[in-house]
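The two complexes that follow have chain A in common; it is paired with chain B in the first and with chain C in the second.
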Partner chain A sequence: MSEKMSVTMFKKPWVKDISIEFRSNIPALFGLFLIFLLFFSAIFVTIDSTFFDRKIISTLIADPLEMTPDTYQPPSKDHWFGTDEFGRDILARVIYGSQTAVIVGISSVGFSFVFGVLIGAIAGFYGGKVDHVLMRMVEVLYSIPALAFALFIVAIFGANIQNVVIAVGIINMPKFARVIRSEVLSIKEREFVMAARALGLKNSRIIMDHVIPNAITSALVVATLSIGTAILDVAALSFLGFGVQPPTISWGLMLSSGREALFIDPYLAFFPGLAIFLTAMSFNLVGDAVRDAFDPKLKTRWNR
Partner chain B sequence: MTDPLLSVENLRTYFYTPYGVVKAVNGVNFELESGKALGIIGESGSGKTVTGLSIMRLIFPPGKILKGSRIMFQGEDLLLKPENEMRSVRGNRISMVFQDPMTSLNPVFTIGEQLTRVIQTHQDLTKKEAIEKAITLLKEVGISDPEKRIKNYPHQFSGGMRQRVLIAMAISCHPNLIIADEPTTALDVTTQAKIIELLKDLQRKIGTSLIFITHDLALISEIVSEVIVMYCGMILERGEVDELLSEPLHPYTEGLLHSLPDVNIKGDLQPIEGTIPSPINPPSGCKFHPRCKHATVECREDVPEFKKIRSDRYVSCILY
Partner chain C sequence: MRTEYIINRLIQVLPVMLGIITLAFVMLRLAPGDPITIYMGVRASEEDLQYLRHLYGFDKPIYLQYIDYLKRIAVGDFGTSISYQKPVFDIILKRLPVTLSLVLYSLGFSVIVAIPAGIYSALHKNRISDHIVRFISLIGVSIPRFFTAILLIYMLGYYLEILPISGYVPLREDFVKGSMHLILPAVSLGGALMGYTMRVMRSSMLEVLGENYIKAARAFGLQEKVVVWRYALRNALLPVITIIGLQFSTLLGGSIIIEEIFGIEGIGRLTYRALLARDYPLIQGVVIYYSFLFLLSVIIVDVLYAIIDPRIKYE
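Up next is the complex of A and B:
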């Protein structure tokens, strides 16, 4: 009996809220579909490149790294999306670029999520000097142009994928810190926080067990909305040459090389651009739906 | 004579607001013997809750417990304890039940998760044992089908049941003292009676002492043996419960009793004239004099002494 009980974590109420929202929100479903496609493609690429040495994609489409004499081909039966300046198949490269986008998008948002939530919760909970110091730091971060700051970090510490993730993670962090702080300010006044204190719980326990779980949904909304921006930021960094470095395939890099050939072969920039656009859009559509699902004002009594 | 379980000496808790100093508790003294129940009554803003929170040392800036206050609990001064030792007192040796059961539980966790967390904070039990203990506790506070109910969220409980859960949390470590801060105020009358019954039962069963804070005079005789009447952060009167209710000495206590509706007697209520004074700028002398019909010039000038009238009967009024 107890064995079962200890693992019984009932479905959290917010899981229900989300599933109800998605059932009626068609654009969000479309966004969700695209995100699934993106993840599927990223997982496929990971398997293909680590275990099969790009054999699967080579048989299905073409080797994304293999240079051929057919440069600047428009879309055709052999190359659905055309070829680039080295004659590489753009479709295969767009698919391979999804892996970078997913890794960088998720991990940089994860970085901002963890640090932003912690900083915001600590600032909001303790208030006073702690709040002042932390939030002023966050505001300084907010006031620096994001891309310039990311460029600065990458220029100092070197352009590789980890530094890009950290740089983009830092520039997105203030959003999380601010949202969580404002939530925590109201949560810490609720009676269950005082009750927890009266039961002898430590401040750290109260923050982790009582404050953050009650504030986390708004951070989740920010997270879904930020993945799109993070992917855009990484693409921008790569476009400027400070992001992901070749031979790693990234949409931003493809866009960058496409720019030079814009008048000879517009497809070179069009397809990676489309991929970036669709990814950012789908995360935004899903983010909007998640926000609506958590908005108590939009919630009717019977779908609780 | 044995030492009392709790003895509060000259407790003063002030709040330093931008508008002035609020003397929420201003020189409160009382003792509580082991196993006894003490009631604190008074209007809103009379300092009852702050007294309770001061004993738990849950006063946060701008509030401050002044130097010279002493809260002796089982022979130690709680005010001298470092914060980490104080944490092992809270919930373990002294616990508190709050006013509003609707907001005192965390809405995102199940009842079981919250109960086991409290149990595991103070007792060295495995998760499994803690869950079993939680079930026993819920049974003890009269929640039927506790095996199923511990998987429920607070919103699936009614107000009275939530208060039962909070009481279960408060008694989980068999505290020596429970401070119940208006535990029945947010509940309807029939539920109130049941919660009072439960508290009384539990108090007898585990032999804990109880401080019952309320503004409800009708309830207080049901559960406590001794009563303190507070007004503007000070104690006006103290005595054995039935005696104090049948024969109030202080005009304020008398006024409180007259403002109580009685279903048997039809007629006008006699509320106390005026309202509770501004806490920042309280009246001089006896704090009650602007509303008191017996007030004299003397009342305006000096705070009356807290006199012993007879055994176990104290009052602070110039009439005696």
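Up next is the complex of A and C:
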């Protein structure tokens, strides 16, 4: 009952703020459109590859995995984006790569979100020694360059999708922990937390039911902004050969093989690079708008 | 007073350093596989493997290895690299100027472009020039470094043949040639920092310009130039310095990818090689190097803060 009340109480201004922000913000709308396109493409790829064995894309464009003798073709009527070193259609591969980007990007941000929010909430709520120890640990994570740390994890524990998600999740976690912690520091002094305490609720219950739901909006803002960075990080790992491995199609891998053939066929690197760039850009645009709608104070608090 | 403060800060960051050293050690030990086997390959005899494991101390219990390791670091001995067969400290020290010159060039590039552009954009809010600056900063923030690098290599290096696309010439030997070699890597590396700095400079300038003391200065009849440069800039710079300090470690991380693309033999490339080869002593050395530079940057930011804003007291 109390949960329902708190949700309905803040849901209204929430939706209103966002719709107002987006109505006046054309770049953000453009970003939103690109994100819809990306998700649409990722869903299409998932359906196509699991139920139709790549039949749909093969009839519409070309089979992203089929090798042909037409290697290194520039863009043409048959191959809008050209072909790669094995004669595979780049457009089809860019579309297929969206699935990896979405899955890895979202799940790694999900990882940072869950652990960052928990660590931040616990540190902020308990304060004192717990806070000190947890935040020093976050600081340790923060003080190694993100890419170096992610590479370190993937290189040591093996290059596969799970490890990439965990590695990128860990390097983006400190942002969540810090933001939530500072929110919780003020929330825990509010009346409803005191009331919950006076009622004799357990600390874990207070954190999960009362503190985190009230601090979650700022974590959502950080999450939207982090998806862009996470996709860049994932692409960087793939580019260095420490990300997802072939035959999984990923933009970072495509870019990396495009780099080797740069002077033969620049398009090979150009289109996947453009896809990564546009994806990151649209999440930045939308993230900015969401942040401005939620909390204008956050405007200058740019982390990483 | 100031040196005392810096020493105090150094002492404060030591636990973080110890944490990083421990983290690196623990993670390497948790890793599956054995570095000696990877290094020697499958054809090595069991006796050789045993001998090498003993030589590098990998046969001891883990807590003893850890204590040994800490002891050696305390006296400045970072061990011997397995793949290079040289002391880790010497390898890193030799490559340090390479990476530092790359990082400083890209820091210089982003600051020199971004600060004036951010100020200009703030002073021309909502005009076309403002929109252009914001668009450029959005591109800088969103574009992957390696994509910038590839585009620049293709356009400026290959198509127009203006700038060299790979290699490194020490600045001390030939400053002009060395700088030419650093332009493309530095721009690709610093793009994101440029973008972040621009937007933070713009927004913090806008915020400061709305403050009462600025209105007072204007009401006093001071010229707009004086108001902006003498009164507003100082305060507007503080958040910019914070963001540059935070982004410094991203530059170091990005140097891994940029050095690899441009064939620069710095610490970024060394990191990549060390990870590929599972060279434990070298990996640990590199991790310490990263955290050391990061903590150094934190202290430099603190000191800069105090210089720019005299109200901040040293404690």
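Everything below uses one rule, namely that the second predicted complex is superposed on the first by the 282 of 304 C-alpha atoms of A that agree within 3 Å, B and C clash if a C-alpha of one lies under 4 Å from a C-alpha of the other, contacts with A are read in each partner's own complex, and residues count from 1 in each chain.
Convention: a contact is a pair of C-beta atoms (placed from the backbone, for glycine too) under 8 Å apart; a residue touches a chain by one contact, two chains touch by 3 or more.
Keep in mind the model is a prediction, meaning the values are calculated, not measured.
S.K.: Figure out whether A:P213 sits in contact with chain B (first) or chain C (second), or with both, or with neither.
M.R.: In the superposition, A:P213 contacts chain B only.
S.K.: In the overlaid three-chain picture, which partner chain does A:M137 touch, first (chain B) or second (chain C), both, or neither?
M.R.: A:M137: touches chain C, not chain B.
S.K.: Have a look at where A:L262 lands relative to chain B and chain C in the superposition and call it first, second, both or neither.
M.R.: A:L262 sits against chain C, while chain B stays out of touch.
S.K.: Comparing chain B against chain C, which has contacts with more of the residues in chain A?
M.R.: C
S.K.: With the two structures laid over each other on chain A, which partner does A:I153 touch: chain B (first), chain C (second), both, or neither?
M.R.: second
S.K.: Inside the complex, what are the residues of chain A that reach chain B?
M.R.: Result: residues 1-3, 5-6, 8, 10, 12-13, 128, 190-192, 194-202, 205, 209-210, 213-214 of chain A touch chain B.
S.K.: Would you pull the chain A residues touching chain C in the complex into a rising list?
M.R.: Residue list for chain A touching chain C: 27, 136-137, 139-140, 142-149, 151-153, 155-158, 228, 232, 235-236, 239-240, 242, 255, 258-259, 262-263, 266, 269-270, 273-274, 276-277, 280-281, 284-285, 299-300, 302-304.
S.K.: Write out the stretch or stretches of chain B touching chain A in their complex.
M.R.: On the chain B side, the touching residues are 56, 58, 61, 87-92, 95-96, 98-100, 103-110, 112, 117-118, 121-122, 127-128, 131-132, 147, 150-151, 153, 166, 169-170.
S.K.: For a test of understanding, state which residues of chain C touch chain A in their complex under the given definition.
M.R.: Interface residues on the chain C side: 15-16, 19-20, 23-24, 27-28, 30-32, 138-139, 141-147, 150-151, 153-154, 158, 196, 199-200, 203-204, 207, 239, 243, 246-247, 249-254, 256-257, 260-261, 271-272, 275-276, 278, 283, 286-287, 290-291, 294-295, 298.
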